[in-house]
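What follows are several structures.
Look for subunit A in each of the two complexes below; its partner is subunit B in the first and subunit C in the second.
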Partner chain A sequence: MTTLLDVRDLRVEFQTSEGVGSALNGVDLSVNEGQVLGIVGESGSGKSAIAMALVNLIARPGRIVSGSVKYRGRDLLQESERALQRVRGREIGLVVQNAKSALNPLVTIGRQLVNVIRGHGLHDKRAATERAVLMLKKVGIPDPETRMHSYPHQLSGGMAQRVTIAMALSNNPRLLIADEPTSGLDVTIQAQILDLIQALVDELHSATVLITRDLGIIAQHCEEVAVLYAGRVVERAPVRAFFRSPSHPYSETLIKAVSTTRQRGRKLLPGTSPSIYDLPSGCPLNPRCPLVQPICREKQPELRELLPGHFVRCHVRAAGGI
Partner chain B sequence: MGLDSRHLRYLIKTRPSALVGAAIVAVALVLAVIGPTIAPFDPRTAIPGDQLKPPSFGHLMGTDDNGMDIFSRVIASPQTDLTIAILGTLGAIAAGIPLGLIAGYYRGFVSEILMRVSDIVQSFPVFILGMALVVVTGQEIRNVIYVVAVVNCPIYVRLVRGQVLFLRERPFIEAARALGGRDRWIIREHILPNAIGPVVANASVTIGWAILLTAGLSFIGAGVRVPTPEWGSMIAVGAKNVYTGEWWPSVFPGIALAFTVLGFALLGETMVDLTDRTRR
Partner chain C sequence: MTPIVRVEHLVKHFTVAGAAKPLQAVSDVSFSIERAETMGIVGESGSGKTTVGRCVLRLIEPTSGRILVEGQDLSTLSHDSLRSIRPQMQLVFQEPFDSLDPQMTVGQIVAEPLRLHTKFSKAERHDRVAELLEKVGLSRRTADRHPHQIAAGQQQRVGIARAIATEPKFIVLDEPVSSLDSTARAEIIDLLIDLQERLGITYLFISHDLTTVRYLCNWVAVMYLGKIVEMSPTEELFEHPVHPYTRALLSAVPVPDPEVRRSKFVLKGEIPSPINLPNGCHLHTRCPAAAAACRTTIPELEQVSDRHWVSCIRARELGFDKSMQKEPSAMEQSAAK
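Presenting the complex of A and B:
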C-alpha cells in the first residue's frame, strides 16, 4: 500500500490577544491509499485545525509554523495558492461540521454543486448539471432534479450534510477529510450519514480522514486511529489493537469513559484538558495523569513504536511501566 | 428574503412609519417622472405681471418675485432633486461596493489606504466638502451628482467592508475555499450577494441625505440655479421675501423638501432595521 498523505511535525499557532496558542504541536500522521484513518480528540485538542491545515487553509490569526504535509510526494505547505486551489476539491475533498452553515444561504444547492464540479475541469454546464444530479442521487437525496432548486434553508440538517458530502466527493477525490461530519445531527441520522460516507469512499476508493470526538464512530468506521491531545498525537494504532489494549493513559480513560458509563467505579481523569495558550511543560497530560512520574513534568515524550504499527507518546508506557 | 403579501401586511402593521415613508417616496418618485408635465404652468418661465402673488385658486401656492408659479415649480422639482440624489447615490454605491470588497477581502496595505482616504473624506463636514468640490469643479448638475457620489462613497466602502469582514469568517466561505474556490470567484458568488442587502437598505437613507445636500448646495448658490425648478434654490429665492411677509415662495418648497427627506429616512430606517443581522 502506498502512502497518500504523510504529515510530519505539523505545528499551528494562533496569535490572539490572549497570547500565542499552540493548536498543533508537531503532529505526525500518515494515510495510505484507500485507508480510513480516524482522528479522535476532545474540544480544543486541535481537531479542526488539523482538517484545515491538511489543505493549507489555516485562517488568520492562525498560522502554520512548521512541518510538512506531503500529498503524493508534494508538500502542500510549499505549493502556490493556485496549485492548492487545483488540489482542494479535486484531489482532496473536505466535509466540514455543521453543514447548514457550510452552504451559501442565497444560492441553490444545485448551483453550488455545479460550481464545484465546473471549477475543477468539467466546464460544460449541462454535463456538470447531470453530474450534480447524479451526485445528489448517490448521497440519497430523493427527487434530486427538483432538489437542485432548493435553498439550504429548505433542507434538514441531515439533507444539508448529504449535499456537502456530494460537493466534497463530486470530483472523485483521492482523499476525503471529514471534520465531525455528524455533529449536530440526530443519532439515527448520524449513523446514516456515516454509512453513506463509508459506502461512497469504498465505491470511489478514496482514502478518508475521519475527525470525530466519538469513539463509537472510530470503532465502526475506521481502520486506524490517532488520538489527539493538546495538539499532539499521543497514540496511533490499528483500531482493533487500540480498543483491545490502549496504551496511553489518556486513551485508556477515553475508552473507559464510554464503555463503563453504568459502573459506579468509573474513573475519569481529574481536571480538564489544558488551554492551548498555557500548556504544561513536559507531557501535556502530566497534571491529570494517574501514572505521572517526575520525568513527565520535565520532558516531552517521543512517539515510540510499542508493537508493530502501534505508537504511543508516553514515558511510562514506552519504558514498559505499569 | 421572501417578501410575500402576508409578510408585507405584517410589516405594515408593525411599522406604520415605514408605510408613511413608502407613500411619500412613491409620490416623490411619481412626480420626478411626470411632475413637469402635469404642472399647470411652465415651471421654468415667469408669468409677466404675476410677481409675488399670494396663494389663490389660480396659483395654488402663489408666485415668486420672478412671477413663476410656485406650485408648478414645487411639483417639478423632484425631477431635479431626485435625479441628482439617486444618480449620486448610485455612483457612491457603484464605487463603494468594489472598494469595500477589496478593503475587506485583501486586508493589508491597500485596505489601509482605502480606509484612511475614507476617514479623510468623512472627517470633513459633508456640506463644506460638497461646497468646495462644486466650486472647484464648476457649477453644473453633473458635478453636483459627482459631489453627492464622492461624499457618500465612504459610507458604502465601510458598510461593504464590514459585511465582508463578517462574511469571510463564515463557514460557507471557508468551505468554498476548502473545495478549491478562487478568491475572485468567492467574492462574486458568495460574498457579494450576501453583502448587498444592507447596501440596498442604506441607499434610501443616503438618497434622503443627498436630497438635502443638493438642496443645501443650491440654497447657497453652489448647486442648481434658477430657472431650473429645485427646492433649495426656490427657498433661497423666496428667503428675502419672508422678511416682508411674503412667506409662500420659501415655505411651500421647504415643506416639500422636509417631507421628501423624511419619507426617504423613514423608509430607509425600516429597511436598515430589517437587514440588520444584529437585531433580527
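Presenting the complex of A and C:
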C-alpha cells in the first residue's frame, strides 16, 4: 500500500488574550491510498486544528509551530500558497465544520460549484454545470437544477453542509479531509453522505481522513482510528482491534460512553478535558486517570507499539500494566 | 397501572404566512407513559417530535386533542390553574448554555423556580440549592459561578437541577444531550436514570439519537411527518422493527461496534413538506415497500402483537425484520460474562 499522507510531529499554537494555547502537541499520522482513517476526539482535543493544519490553512491567531505534512512526498507546510491552491480543491478536498462560512455569500451555489470544477480541470462550462448538478443530486439535495441558483443564505444549515460536501467531492480528490461532515444532519442523510465518501474510497482508491466525535461512524466507516486527547494521538489502531481491546484509559471511557446496553454503575473518567491554555504536566490525562502513577505526573508518555499496528501513549499500559 | 401522562388524539397545525394550507406539525398522536418510566419520541427534522413535547406541557396550545397528567386534563385548564400545576411538570432544553441566564449565578438559576413556586425563605432556598446541586453531581461551590465559567456537561446538570427543584412528577427532555460530547452525554444520561430511580420521575425524552434512546427509554414512539408510525417497548422496537420507516432509520444509524453490520434499508428522496402532505400513507412517496393501496389508504396505528403498534397497511405481510437482529459482539459477550 502506498502512503498518501504522512504527518510528523505536527504542532499548532494559538496566541490569544488567554495566553499561548497548544492545540496540537506533536501529532504523527499516516494514511494509505484507499484507506479511511478516523480521528476521534471531543471538544478541545484539537480535531479541527488537525483538519486545517493538514492543508496548511491555520489562520491567526493560530500558527503551525513545527512538523511536516507530506502529501505524496511533498511537504505541504513548505509549499508556496500558489502551489497549495493548485493542490487544494483538486487533489485534496476539504470539508470544514462551519459550512456557511465556507461558502461565498455573494455568489450562487451553482456558480461556486462550477468555478471549483472548472478551476481544477473540467474547463468546458456545460460539462462543468452538468457535473455540478449531478454532485448536488448525489448529496441528496432535492431539485438540484433550481437549487443551483440559490444563494448560501437561502439554504438551511444542513443543505449548506451538503453543498460543501458536493464541492469537496466534485473533483474526485485523491485525499479527502472531512471535519465532522455529517454532524447535525438527519441520520438518513448522514448515511447517504457516508456512502458517498465510501464510494470515493472504493471506486477511486482515494484516501480519507474522517474527523468525528461519533464512534459509530468510526466503527462502520473507518479502517483505522486515531484517538486525540489534548492535542496528542493517545491511541492508534485498526478499528476492530480498537473496539475489541481499547488500550488507553481514555479510549475505554469513550467506548463505554456509547454502550447501548445499560450497565449498573458504569465508571467513566471523572472531570473534563483540560484547557489547551493550561495543560497538566506529564501525561495530560493524569488528573482524571484511575491508573495514575507518579511517573504520569512527571513525564510525557511516548506512543508505543503494543501489538503490530496498535499504538498507545500510556506509561502504565505500555509497561503491560492492568 | 394507570399511566401518569396520557395524550389523546393530539393535533397541532401552524398557520404559515403565504401558504394556503396550514402546516400539519402533529396529526392525531396518542400515547401514554407509566409512572417512573421513560417514553422516547424519535424522528428526524420535521417529524413533529418537538411540537409534541411543547403541546404536552401546553407551552403551545394544541389545535385539538386531550393531554391528561394524573387524570387532569391540561387542555381545559385556565391559565391560573395551569400555573399552579406547572411545578409538577418541567422541561430540560437542548442547548444548556442558551437556556441559562448568563447574568445569573448557578445558585440564582436553580433557586428561581423555588422563588416562584414555593414559600421558602432565603435561607431555606440556599440550603435546597446546595442539596439540588449535590443531587446532580455538582459541588456546592458551583452555586457562585456563572454559566460561562463551567463546562457544557455541567451546564446541563444545572438545567436538570433547576428542572427538579420543585420536585416535578414529569419532565420533558427535549434533546438534552445532543450538543454534548459522548462522555458528557453518557454522564447526563446516567444522572437522569439515577434521578428517575430515586425520585420516581416520569420522562418524555425527545431525540433523534437512537443510541441514547435505546439506552434510556422503556418505550419508543417513532414519528414521521406528524404521526406515530410505530410504538413498542424499546428492545422490541430495536430487535423487531416492522414499519419501513423505522427499518430505514435503524439501518442508517452507525452502530458503535465494527462486528455489527446492519442490512441497508434505504428510503428514496426527501421528506415531503408538512404543508403539502402526500395522500394515503405519508411515507408512500419514499417507501420501497409501497403498494398501490398505500397511495390512497391512510393507515391506522394498529396492534400487531402484545405490546407493539404499527401504522402500515402492509405490516403483516412485511412481518418482523429478522435481518436487524445482530450477533452479539465480542465486547458484549465479554460484558455478559
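Annotations for the structure displayed:
Convention: the second predicted complex is superposed on the first by the 298 of 322 C-alpha atoms of A that agree within 3 Å, B and C clash if a C-alpha of one lies under 4 Å from a C-alpha of the other, contacts with A are read in each partner's own complex, and residues count from 1 in each chain.
We adopt the following convention: contacts are C-beta pairs under 8 Å (C-beta built on N, C-alpha and C of every residue); 3 or more make two chains touch, one makes a residue touch a chain.
Values in this document were obtained by computation on a predicted structure and should not be read as measured data.
With the C-alpha superposition on subunit A as described, subunit C and subunit B fit side by side in the combined arrangement. In the superposition on chain A, the chain among subunit B and subunit C reaching more residues of subunit A is C. With both structures placed on the common chain, the touch criterion links A:167 to subunit B but leaves subunit C unconnected.
Looking at the shared chain after the overlay, A:187 reaches subunit C, while subunit B stays out of its contact range. Touch criterion not met for A:201: it reaches neither subunit B nor subunit C.
Residue contacts after overlaying the shared chain place A:49 against neither subunit B nor subunit C.
By the touch criterion defined above, A:140 reaches subunit C but does not reach subunit B. When the two structures are aligned on the shared chain, A:233 is found in touch with neither subunit B nor subunit C. Touch criterion met: A:94 reaches subunit B, while subunit C stays clear of it. In the superposed pair of complexes, A:258 makes contact with subunit C only, with no contact to subunit B.
Here's the short version: in the overlay, subunit B gets within 10 Å of subunit C at its closest Cα pair.
Once the two complexes are overlaid on chain A, none of the subunit A residues touched by subunit B in the first is touched by subunit C in the second.
Residue ranges on subunit A touching subunit C, taken from their complex, read 42-43, 140, 142, 158, 186-188, 190-192, 194, 213-221, 239-240, 243-244, 253-263, 266, 268-269, 272. Taken together, the subunit C residues at the contact with subunit A in this complex read 44-45, 151-154, 181-187, 190, 193, 208, 210-211, 214-215, 248-249, 251-261, 266-267, 269-270, 329-332, 335.
In the complex of the two chains, the subunit B residues touching subunit A come out as 169-172, 174-182, 185, 189-190, 193-194.
Put simply, subunit A touches subunit B in their complex at residues 52, 55, 57, 59, 84-90, 93-94, 96, 98, 101-107, 115-116, 119-120, 164, 167-168.
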